[in-house]
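As written, the chain order gives the labels A, B, C, D, E and F, with residue 1 at the start of each chain.
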C-alpha cells in the first residue's frame, strides 16, 4: 500500500487515531441523523430508506457488482457521503483497489474532470478503510 | 421534540452555545460575503440578488408556499446553503416539522437517495432552529 | 386565455386535433412503457413506482401543494416528462395559471436561465391542458 | 418477451421496419456526427474520444461489468444517447434483461423518479435490440 | 467546410430548405413561446429575461468572450436550446470554427463524455449557421 | 481592495497566516492526493489528467480565455475545488477582478441562485489570492 510521501510506519504511529476517527465520524453522524430522520415517522421516507437497502441485495447481479454500480452512480452525481457509504460496502464485498480504480476511471470519463476532486476524497477514504481492515 | 439518543435537558445544557453558533456562523458568513460581492458593483449580480428577494414575496401563492418551493428546489439541486436559507424562511413562516418532512419526502423521491445526506444536514439545521426559537 | 399572435377561434379550428393529440401521445407512451416496465417484475422498481404515487397524497400538506412541489423540483432538474405529469396533476387540483407562473418563477430563479427552454415547453403544455378542459 | 398490449407476431409484422430503423437512425447519426467532429482535428476532443474507448476495455473488471457501470452512470446523468450506446454494448456482452432491470433499479433509486422517463426510453430501446438480434 | 460523407453542392441542392428550416424552426418556436411567457405578466420572469440580455453586453469582457462563456456553461449543463442560442450569438460575433471547437473541448473535458451527444447536435447546428451565412 | 467590515491593515496583521494557509492547504491536499491517485497507475485516469492539462494550452483561444471558460463551467457545475483551481490560473494569467466578476455574473444567470453560495466561496478565495500576490 502507498501513502504518498509518508513512510508507512510513521503514518500509522502519528495518524492512527485520526484514521479511525474519520471513518467513525462518518458512520456516527450518518447513523445518528438516520435515527432522527426515521423518528419523524414520515412513511414515504421510511419506505425509501427500506427500499434503498433492498436495491443492493443479491439478485441477477451480485452484491459486489451492485455496490460498484452504486459507487459509480454516486461519483458521477458527486455525492461524497454516498461515495463513502458505497466504498465501505465495496470493501466489505472484496472489491480490490485495482477494481475501485477502474470504477473511478469510468466515473471520471463519463462525468468529466469535475469528478476529480471527489476522486481525491474517495481514494483517501478507501485507503483509510484498507488501513483500518489490516489492524 | 426528539434529539436522537440525547436527553433534552442535557442537550441544552451541553450544546447550547454550539447550537446557536452553528446558525450564527452560517448567517455571518453569508451576510459578510454577500456584502463583499455587492461591494464589487457588478450590475447583473446586484439585480439578480434583488430579484431573488422578490421571487419569494406574497403573490398568487403565499410566502409560506413559495419558501417550501424554494426549499424543495434547493434540496433536489443539493445546495446545502440554499437549504439552510429556505429552512430559516420556512421557520419564520410557521411551516411545521411535519410539513418540512413532507417537503423532504418529495425531494427524496424526485431526486433519489443522493438527497439523503442533504436531508440529514437539513434536519439537523431545522432542529437547531426549533431549539433556538424556544429559548 | 392568450395564444400568442394566434386568434383563439382560429387556433381551435386549426389545431384542435393536434392539441389533444399532444396530450394523448404523452399519456399513451407513458402508460404503455410503464406497463412494459412493471411487466418485468423488478421488485425495487415496482415499489418505487408505488411509493411515487404515495408521495403526493394528502397529508400535512395538501395534494395541491405537493403537486406544485413536484412541479418545481421537476423543472429545476429539467425533466420535461416529469413537468408534464405534474402539470396534469396541478391542473386536476385547481392550480391557476397565475400560480403555475409563480412556480415557474421560483424554478427559473433557483435553477437559472437553463430552465427557460423547459418553461417554454411547460407553458405550451399547460395551455393545451386548459384548452382541453374547456372543450 | 413482452410488448405491452401488442401481440408479438403482430408487432413484428407491423413494426419490423420501424424497429430496425430506430436503431439504424441512432447509429447513423452518431457515426456521421462523430466523423464530422473528428474531421475538425481538435486534438483534445480526438484524444478524449480515444480515451473513452479505452475506458471500457477488459482489465481488473470485465467489459460486461464496465458497460453496466457506463450504463448506470449514463442513466443517473440522464443522457439518453449515452444510455442507448451502453445498452448496445451491454447487449453485445451478454447482459440479460433481468440484469439490465437491476441496473435500471440502482439508477432509479440513486437518481430518483426523474430517471423514470429515461427508463421508459431505455427499456424501449433494449427491447428493440432484443428483437433485432433474434431476427 | 466539411459535411461528413456528403458532397457539398449535393448537400446544398438537396437540403437547403431543410437547413434553413431547422434554424427557422428553433427561432420561431423560441420567439413564439417567449412572447406567450411574457404575456403572462409575471414580474420575476420578465425581469429575469431582461437581466439575461444584459448579462452578455460589452463590459470588462467583450461580447464575444461572454458568448463563449454562455456557450460552455450551456454545454456542460447540457441544455441544447441554450447551446443553439449561444452558437447563434457566437456566430454573429465572429467566433471561428476553431474557436468553437476549443470551447467544445473545454466543455467535454470538464463535463465528461455525457457532453458528446450535445457536441454532435451543436456542431450540426453550427455548420448550418455557416451555410446559412454564406448563401 | 475591499474586505467587508474589516479594516485592511488589521486584516493583514491578524489573518495573514490564515490567508496563506487556506491557499496552501488547498494546494497541498490537491497535490498530495493527485500523487496518490497517479501512483495507482490506472492508465485511463493518468491520460485524463494529462489531457486536462492540454485542454487549457494556448491555441485558437488564449490561455486566459480558456481559464475563464474552465472557471464558468466549474461554477455552474458547482465544483468548489475546480473553481479554486481555475481562479488560481485566472490570477496567474492576469484576469482582473472586474473580469472575474463578469464570469461570476454569467455563471449566476445561467446556473441560477444555487450558484450564489459558490460565488461567496469563490470571491473569498479570489481575494486571498490577491492579498497573497501583493505581499
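Keep this in mind: a contact is a pair of C-beta atoms (placed from the backbone, for glycine too) under 8 Å apart; a residue touches a chain by one contact, two chains touch by 3 or more.
Just so you know, these numbers come straight off a predicted model, no measurement behind them.
Q: Which neighbours does chain B have in common with chain F?
A: Intersection of chain B and chain F contact lists gives A, C, D, E.
Q: Report which of B-D and A-F is connected by more C-beta pairs in contact.
A: Top pair by contacting C-beta pairs is A-F.
Q: Check the residue numbers that chain D and chain E use where they touch, and answer same if over half are used by both copies, otherwise different.
A: Since fewer than half of the residue numbers are used by both chains, the interface counts as different.
Q: Counting only C-alpha atoms to place each centre, which chain is farthest from chain B?
A: Of all the other chains, the one whose centre lies farthest from chain B is D.
Q: Averaging only over C-alpha atoms, locate the centres of chain A and chain E and give their separation in whole Å.
A: Using C-alpha averages as centres, the distance is 40 Å.
Q: With centres defined as the mean C-alpha position, give me the chain A-chain C separation in Å.
A: Chain A and chain C have C-alpha centres separated by 37 Å.
Q: Roughly how far is chain A from chain B, going centre to centre by Cα mean, in whole Å?
A: Distance between chain centres, rounded to whole Å: 27 Å.
Q: What are the residues of chain E that contact at least two other chains?
A: 44, 48, 51-52, 55, 74, 76-77, 82, 98, 101-102, 105, 108-111, 113-114, in rising order.
Q: Can you list the chain A residues touching chain E in their complex?
A: Going through chain A, the ones touching chain E are 76, 108-115.
Q: Provide the residue numbers of chain D that touch chain E in the complex, in ascending order.
A: 29-30, 32-37, 39-40, 42, 44-45, 48-49, 52, 74, 77, 79-82
Q: Help me check something: in the complex, which residues belonging to chain D touch chain F?
A: 43-44, 47-48, 51, 54-55
Q: Contact residues on chain F for chain B in the complex?
A: 2-5, 78, 97-98, 101-102, 104-105, 108-109, 113-114, 116-117, 119-121, 123-124, 127
Q: Can you list the chain F residues touching chain E in their complex?
A: Chain F reaches chain E through residues 51-52, 55-56, 59-61, 65-66, 68-70, 72-77, 82, 96, 98-99, 101-103, 105-107, 109-111.
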